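Let me give you the structure first, and then I'll get to my questions.
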Amino acid sequence: MTYTDVTMVRIYLTEGDRLLHRLLGHLHDTERVMGVTVFRGTAGFGRSGKIHGEGIVDIAFDLPLVVEFFDTPERVEEVLGGIEGWLGPGHVVQWPARVNA
Amino acid sequence: MTYTDVTMVRIYLTEGDRLLHRLLGHLHDTERVMGVTVFRGTAGFGRSGKIHGEGIVDIAFDLPLVVEFFDTPERVEEVLGGIEGWLGPGHVVQWPARVNA
Amino acid sequence: MTYTDVTMVRIYLTEGDRLLHRLLGHLHDTERVMGVTVFRGTAGFGRSGKIHGEGIVDIAFDLPLVVEFFDTPERVEEVLGGIEGWLGPGHVVQWPARVNA
């Protein structure tokens, strides 16, 4: 296989943020990044220390969501610059990777 | 903890590809990689720009799937060489990591 | 965006391990790591080669679970030192990443 350098990104939301549709629309329609996948966690907690999880009735609608995508390092930097105002600190993780070309 | 160097791999499919069983069988029976986990995304899009997701009736059967595994860098290179013909460009992401020994 | 160096960690369990609650409680209450998310896989296998997956009746309660978290490299090293006795070899993967500050 031959490869292209990319930056992997994982953005941590919860369903209660109501940011998912806006973010997906932006990544798809405006930024046209190479690929995006959304995963729903079954439990989790963030900096607040508040646990989000299924099976705890009053937070059943606040499950963790992860929006994962990758693109060239330059594109990822541009894309994240465009959405940084939407997301608090500690919510956007990135690392270098390679994708088959 | 002591560690061994590995390569992490994430392969992006959709349920509509009908590749999952073949790929899992190959990784398990033939390649015997150290560990494989399959995750189902709740929404996503790839290079085509076509959105895959639950809640959109006619693509309810085409949810994203991610096949994740890791093994030594040498083994991963061999394994990916054996399956590269199955997968289009932009579907196999890898990066260096460490696993507890 | 400005960034902080972190170590990403993924811990591979199965539901049958019955370790999830203990591990989450430890990471949340004792270690207070920056954020934890739990994902349930839909199929998988580990070093034993035994396949875990939905749709196979007698192992329906042994689906793969991944506990993902990140924190500073120093904190992650401490945290993993505290739980290494709980987890067999080949179950804790880590790699360097960056998080928005």
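Every chain is named by a letter (A, B and C) in the order it is written, and numbering of its residues begins at 1.
Just so we're on the same page, contacts are C-beta pairs under 8 Å (C-beta built on N, C-alpha and C of every residue); 3 or more make two chains touch, one makes a residue touch a chain.
Just so we're clear, the structure is a prediction, and the values are computed from it rather than from any experiment.
Under half of the residue numbers found at the chain A and chain B interface occur in both copies, marking it as a different-residue contact.
Chains compared, chain B against chain C: the Cα-based superposition rotates one onto the other by 120 degrees, nearest 5. Chain A and chain B have CA centres that are 18 Å apart. Shared contact sites, meaning residues of chain A that touch two or more other chains, fall at 39, 95.
Remark: chain A residues 12, 39, 41-47, 49, 51, 53, 64, 66, 80-81, 84, 87, 89-95 touch chain C in the complex. Here chain A touches chain B in the complex through residues 1, 3, 6, 8, 24, 28, 32, 34-40, 65, 70, 95-101, going by the rule given at the top.
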